[in-house]
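In order of appearance the chains are A, B, C, D, E, F, G and H, and numbering begins at 1 in each one.
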Amino acid sequence: MRQDELKALLQAVASGKLNSDTALERLSGQFVDDLGDVCVDLGRERRCGMSEAVFCQGKTPKQIVAVMRSLDRAGQNILGTRCDAETARAVRRSIKGLKHHAEARILIKMNKAPQPRKGRLLVCCAGASDLPVAEEAALTAEFLGCKTTRAYDVGVAGLHRLTRRLDDLRNADVIVCCAGMEGALPSVVAGLVDCPVIAVPTSVGYGASFGGIAALLAMLNSCASGVSVVNIGNGFGASVFADAILRRL
Amino acid sequence: MRQDELKALLQAVASGKLNSDTALERLSGQFVDDLGDVCVDLGRERRCGMSEAVFCQGKTPKQIVAVMRSLDRAGQNILGTRCDAETARAVRRSIKGLKHHAEARILIKMNKAPQPRKGRLLVCCAGASDLPVAEEAALTAEFLGCKTTRAYDVGVAGLHRLTRRLDDLRNADVIVCCAGMEGALPSVVAGLVDCPVIAVPTSVGYGASFGGIAALLAMLNSCASGVSVVNIGNGFGASVFADAILRRL
Amino acid sequence: MRQDELKALLQAVASGKLNSDTALERLSGQFVDDLGDVCVDLGRERRCGMSEAVFCQGKTPKQIVAVMRSLDRAGQNILGTRCDAETARAVRRSIKGLKHHAEARILIKMNKAPQPRKGRLLVCCAGASDLPVAEEAALTAEFLGCKTTRAYDVGVAGLHRLTRRLDDLRNADVIVCCAGMEGALPSVVAGLVDCPVIAVPTSVGYGASFGGIAALLAMLNSCASGVSVVNIGNGFGASVFADAILRRL
Amino acid sequence: MRQDELKALLQAVASGKLNSDTALERLSGQFVDDLGDVCVDLGRERRCGMSEAVFCQGKTPKQIVAVMRSLDRAGQNILGTRCDAETARAVRRSIKGLKHHAEARILIKMNKAPQPRKGRLLVCCAGASDLPVAEEAALTAEFLGCKTTRAYDVGVAGLHRLTRRLDDLRNADVIVCCAGMEGALPSVVAGLVDCPVIAVPTSVGYGASFGGIAALLAMLNSCASGVSVVNIGNGFGASVFADAILRRL
Amino acid sequence: MRQDELKALLQAVASGKLNSDTALERLSGQFVDDLGDVCVDLGRERRCGMSEAVFCQGKTPKQIVAVMRSLDRAGQNILGTRCDAETARAVRRSIKGLKHHAEARILIKMNKAPQPRKGRLLVCCAGASDLPVAEEAALTAEFLGCKTTRAYDVGVAGLHRLTRRLDDLRNADVIVCCAGMEGALPSVVAGLVDCPVIAVPTSVGYGASFGGIAALLAMLNSCASGVSVVNIGNGFGASVFADAILRRL
Amino acid sequence: MRQDELKALLQAVASGKLNSDTALERLSGQFVDDLGDVCVDLGRERRCGMSEAVFCQGKTPKQIVAVMRSLDRAGQNILGTRCDAETARAVRRSIKGLKHHAEARILIKMNKAPQPRKGRLLVCCAGASDLPVAEEAALTAEFLGCKTTRAYDVGVAGLHRLTRRLDDLRNADVIVCCAGMEGALPSVVAGLVDCPVIAVPTSVGYGASFGGIAALLAMLNSCASGVSVVNIGNGFGASVFADAILRRL
Amino acid sequence: MRQDELKALLQAVASGKLNSDTALERLSGQFVDDLGDVCVDLGRERRCGMSEAVFCQGKTPKQIVAVMRSLDRAGQNILGTRCDAETARAVRRSIKGLKHHAEARILIKMNKAPQPRKGRLLVCCAGASDLPVAEEAALTAEFLGCKTTRAYDVGVAGLHRLTRRLDDLRNADVIVCCAGMEGALPSVVAGLVDCPVIAVPTSVGYGASFGGIAALLAMLNSCASGVSVVNIGNGFGASVFADAILRRL
Amino acid sequence: MRQDELKALLQAVASGKLNSDTALERLSGQFVDDLGDVCVDLGRERRCGMSEAVFCQGKTPKQIVAVMRSLDRAGQNILGTRCDAETARAVRRSIKGLKHHAEARILIKMNKAPQPRKGRLLVCCAGASDLPVAEEAALTAEFLGCKTTRAYDVGVAGLHRLTRRLDDLRNADVIVCCAGMEGALPSVVAGLVDCPVIAVPTSVGYGASFGGIAALLAMLNSCASGVSVVNIGNGFGASVFADAILRRL
């Protein structure tokens, strides 16, 4: 239940359209749904602007289903991250209307339309191998109601691929920028624009890329100011953060 | 020269108030001031919304003075970071009106008033030992025109210190959150608010804090979404990023 | 053979109820059972208050069976840790009464009732993905005779999930607290209670969680005093330690 | 104000010995003393059983004095850790009765007698170079009211130095065990006793000891169960934890 | 061809028992057998006292067979290390008389009796899970002609398991000591004996054992002098080193 | 399109042999071929002397095919690296004339003869297990038109294997030198020659070789000057670099 | 003695201009000058194209003087690296004509003119703080006879600073490219040119730059091929390598 | 008291030359001298063949003096390691006859002649900067009675410096081999000899040498078998180990 929905409910009570018992019942489930092994944070949508996302990795399908059913009952939108194909199949058998985006490893079910955001989000990535992370970012952003432009495979080894997208870069209100290997793209991008750049290191590479550490360190040490960083492969988190920005415009 | 100043200059030319030769002269210096050892990026203010900041660490006073004089000539505001007391003394002898904030290790000279930002920035930190980083953030933000509230020494070992500032937290449009040791503060804060939280790890701690690595890793792995991270001790960068958000409101 | 059992045996000899030869025979096997490849420490129960636990990972079923048979012959209780399903199947064919708890990867056989402990142990964890470690802790504690309360999925991103369990937290005599990702839970918990908090990092997370290192470092650097830490994923060790506390109450 | 003091105060109010206004005044300062840069957690003593300790490293003498004066005003006992000689001199000029233990780098002022603990704490260390950490532990324990026995320089290279102290080891209710280099002592000790062993890695060593990492890892991987670990050099934390155990006996 | 065999050959030429052409032919193959992809070092036996061992990991069966055939032709003994079961099967089809010791992952073929060594080698290990490494050491030593005693599962959590083997320890001329987890065994052993102790870290453990790094660091930092260390899991190298000692007695 | 091809085209336009529309069409595709997910850098051949190579790891066969078709259409030579057998099979079904070198994991299709380079390249490696990397280097070099000599299995444990190839070493104009384990070969080689030595660490080894880190660090710290280093396992990059040298002779 | 000098000497002997005894004397000192603590490699100039450079760090002035005198006697040019001001003063008292370049920490004495190299070397760096390393590179190159162009402070945060030097970049035959922080410059440069790019990470930065590790990793993982890397801060080695290239043109 | 001295004492008692009370007094001090802060292991000489060495780093002069006086009283030889000049001065004022070897940072006092060892020890090092470690090894060996040959500055960048010492290498019974930077020397040496090679990494180097880690890893991964390794900079330990070998010849 978002802030505006809560307000509507209280006004309904105030105006007599809703009796207080029904209101109480609807409100009481707003905060925590304690299911033993899992304890769903139903108040997160109202508190933080987004319903609790389900981190699927390391959870059994049964646990995932339990959380999603709880969110479903509360009428909140459902987003599951880092969900492989096998787990997705098992979960989807129990949750109707749930869709799996295989490349981005994301599960999505919309129970209500998201509030459309103002402003523009650009999601870019350095190489085609970064696509799973970039798509996780783009789909999360769209789930939250953001308008999203994609600029993929624009790494610094061929700068003209990037500079031909200069208009898209400069028109963005926030940029999510994914790169593996040496992770140089966010530094170059942030030197060209005046909006916040959220850097997402990916594990693309081998040897001394150490599963994304090389890119992560590069991004943390960007010589261009105006760059902040999320965890390796965390396209989801980058877009939740971006959305928190766009939500205020 | 900011975008609005540039526009004004061009309008002055268009209206005949300024002849084109003078305009050319003023524009020609807008991009690069190549001084041999240093090559000042005078176009950064217009491109990225902020004049080039001088990273003082590892530079000789002579190099720092050279860059600052160049910025001074161009009428831009001057910010030097990571400048110890001894270097500050040497530099201030050559640049009039330059002020050193010792705790934050920052040099500042205002040549024009910053554009006031809308929205509110909250800078908080976990312990009193985090102050130098928190103040670097707060002073940078104020240099850029942001309204800044401070909430210091509100670490998670005494949650009530944090929760009594809940109104400040919830009223903020963006939060810069500094912490050393286990770096737990941003996770807790991000679970309470719906605005973007920029986490700044500090090197406060000893032993297995590894100069801030423990806090850095914690922040990158925050279980609360909506957190992004900058380099260890990079209060400056956090506020440049925060400013890029507030600038769009 | 525990200290009290040993005392009883010696009193039986003293009172003539047991002849010394029989006593000798029973005692002689108390210390070491050397089987070539393995050398079972039968004296550990008497010395350290708990029979030797079998670390199953990296052992062949044959080796595990050999140790368990030796413990069985000595009438001691049997606990095997980090035992996957396949090994468990093989071992259980040879040791009657052995039970496998799949999620916690634990093998248990009770040959005598444990001494009931005074005091209360609380096992809590930050997310549902931490369950295998939390259950390893809870089952180990129960194996040793502890009364155990569970508080699962109470991570800091939704503090109200934790604070609604405040009574359970404050009534505990010792807390085992499992968390992955940024590992912030033990710091917050230790700031709310006055009993010892044993922190167990888990490998839940990805990217810069580095298989639990992020959580481990966070816990070692807890700003709340009164926290000590065990190895990543070592729910077993945490409860053995907790039991050594409760045993003294 | 400890739980028992609080109870006494409330009884005084109930019995009319104290008027409620005075009581309110005394209580109102119990929780937080917000001094701007620092925000003293006066409620910690009541909540966690110990007044807030001052982590002196990285704080200015002025900040340290501010916190200590606040604790002093509240009548709580004062403990400052990791305080070098120079800072100690500066602070002691402002806080009367404050004593500096140079080797342990600890500042102490007793404003009331600690509650004597039951049970016995043994502090042992592997080599004479570990003394600063061991003494930090021993002095902290005594500050909290624990009876403390010392067994120093009993490292595993000469086992008979340890085994001649076997009675002390077996009589202890909790052991704080400090070691640098390979950090083997806690494993050996925990194999000989049935009480909890809190391992404290020290930075003693060179080369591949990596400032205590070698010892830290060894202790986390102890083959003897019943060992938990605190940060490198954290003798203070080990004894706070030990005290939380003894407090319950 | 060992030094003594070479001498015999030259004496045979000198005494006319062997004509020089045949001698030349036999000698010419003594140094390098260049097969393109592999270049066998046939001179190693004479130079370093042991024929070239084949590091099987990462080689195709075809490459392994090529080297072994070359050694076979030269009449040298054959030892292949780190060879899994599948590769072993493939290789054994081509090299007659080759035996695979599965647990130690070693391939052996004796083409001549090794020179019996004087002195005694003791191979000990901390736990049963260290067996593969300990057996690699023991079998390598026996391949080279050493008399080998085994003392397995004598880790420091139960010191009496070790001290009951004190005679074996004190009678040894060199000790190979394998341990995983905290790797404390070599320190304790070296404090009890006056012969060289070669420590072999194993990857036994989990979490912060980091695949044997914890044990490796512990061994490098042994507080007992007289300990040297080989690579994690390198039982083979430890025994080659031990053999170089015994060879000189 | 290489620089010489471009020149020829322009001359054809100048001389009227080619009308400008056709020229434009041929040129317009020279720079970027934007296919959505991938954005092929067709200008790289002209700019950097080599067509864009396809980093296959982490890409779907569909993505690889898209890039290769684009290169094919442009008449450029095709090189795909780090391509496993399964992906190779899928890709080769769509790209005619594409050949897979399984050991080197390389895909190659020649659409035009490479420009023959002057000078000699020597590719050497320390052991037979380094072959996949060495072959990646050798095949890449040949793809680019370099004359390549191989000297394999010449590691420093048997120096005479190396010194017997001294003529090859001293005749080379550039050396690519691959080694795993302790990575000592480049230091020894660079001490014997006066041409540039490009060191390629491989992941051959186990335990503390850490997947090639040991070799990488050794090479970066070579006591012989004249050594530079590429990523672990990057035989491809080493030869591209070597080719950039030979191209100038 | 270089190859051409050696040839001249032998021709002088052949033509009778020099008697063989004198020639022998001059040659005998060509290889090793064993001075006990140090053993000067006088043959390196002839073998590797450059006289032995003196790594001054960690050596006493006495040791440095001993080596330099030996080189002086042999008439070779002298280059000492990583020499601080104090050591330089002490050494210069004993070696006439030795010059100290303080910023680059280099000692130089020319005993003969270097052979002028063909081709052009460009030394560039990302920021003014990288100057010490860049100058070490430039001075070393000039010591060896290379024509050197400098392009300093051209980091990627202001790309136009780099692209305005495009002619210099494209005219170079080899580029030495120094950068700290995120180390992105070599990737961008290598994407613009077709000559070899030698990347030199510097320790410029703080926090997660880890003394240059971030830049080192970035450079090893460059997405642009044609980049090789030397040790952090090794401007000297980069130019020795570059010289080995130019020497062949 | 060594084994032979002990035997002599017992024979003196047996033959009546010594009364048992005197014998008892002399024996009773043989094992432990407990001085509170330090607990001297007087039995180590008899048990391990060498008196307890004093690790001076991190100890106060007072503590060092206490241990040395205890050893002095027991008539044992005294060796202190890692002792800087200032501490040495303070300690030597209290212990007569104690000598400080500044470069090797060693304190030595001989109270009795060491037992001369059979066999030859060679101590070699790669560069002159490794001298402090090499000398620590050589002096320790001589303290213990070993005949020691030195071969310094024979690193692999100039192989002929090493091969001209081939006779010394092949005549040795054990080799201690010190090297920093890439640590390649032990691999090359072990490929040339048939005696045990003890590798000592030193911290010589910079950047990615990481204070000796690069050399340490190289040595642990030596492709030549017959190499074992001690801690970075541990020349002392290498020679104690070497002595344990020579003692048995």
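We take it that a contact is a pair of C-beta atoms (placed from the backbone, for glycine too) under 8 Å apart; a residue touches a chain by one contact, two chains touch by 3 or more.
Only a predicted model underlies this, so the values are computations on that prediction, with no experimental measurement involved.
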item: Chains contacting each of chain C and chain G, listed by label; value: A, B
item: Taking each chain's C-alpha mean as its centre, the one farthest from chain H; value: A
item: Centroid-based (C-alpha) most distant chain relative to chain C; value: G
item: Chain D and chain G, separation of their C-alpha mean positions in angstrom; value: 54
item: Length of the line joining the C-alpha centres of chain A and chain F, rounded to whole Å; value: 38
item: Centre distance in Å when chain F and chain G are each reduced to the mean of their C-alpha atoms; value: 27
item: Contacts with 2+ other chains: residues of chain H; value: 44, 127, 157-158, 190-192, 207-209, 213, 216, 220-222, 224, 231-232
item: Pairs of chains, among all present, that meet the touch criterion; value: A-B, A-C, A-F, A-G, B-C, B-D, B-G, C-D, C-E, D-E, D-H, E-F, E-H, F-G, F-H, G-H
item: For the chain E and chain H complex, residues of the former touching the latter; value: 44, 47-50, 53, 119, 173-174, 190-196, 198, 216, 220-222, 224-232, 236-238, 240-241, 244-245, 247-249
item: Touching residues on chain H, where the partner in the complex is chain F; value: 126-127, 155-159, 181-184, 187-188, 190-192, 205, 207-210, 213-215, 217-224
item: Footprint of chain G on chain H - complex, ascending; value: 127-129, 131, 152-154, 157-158, 160-161, 164, 204, 206-209
item: Residue ranges of chain A in contact with chain C within the complex; value: 31-32, 36-39, 41, 43-44, 52, 55, 57-59, 63, 67, 82, 201, 203, 211-213, 216, 231-234
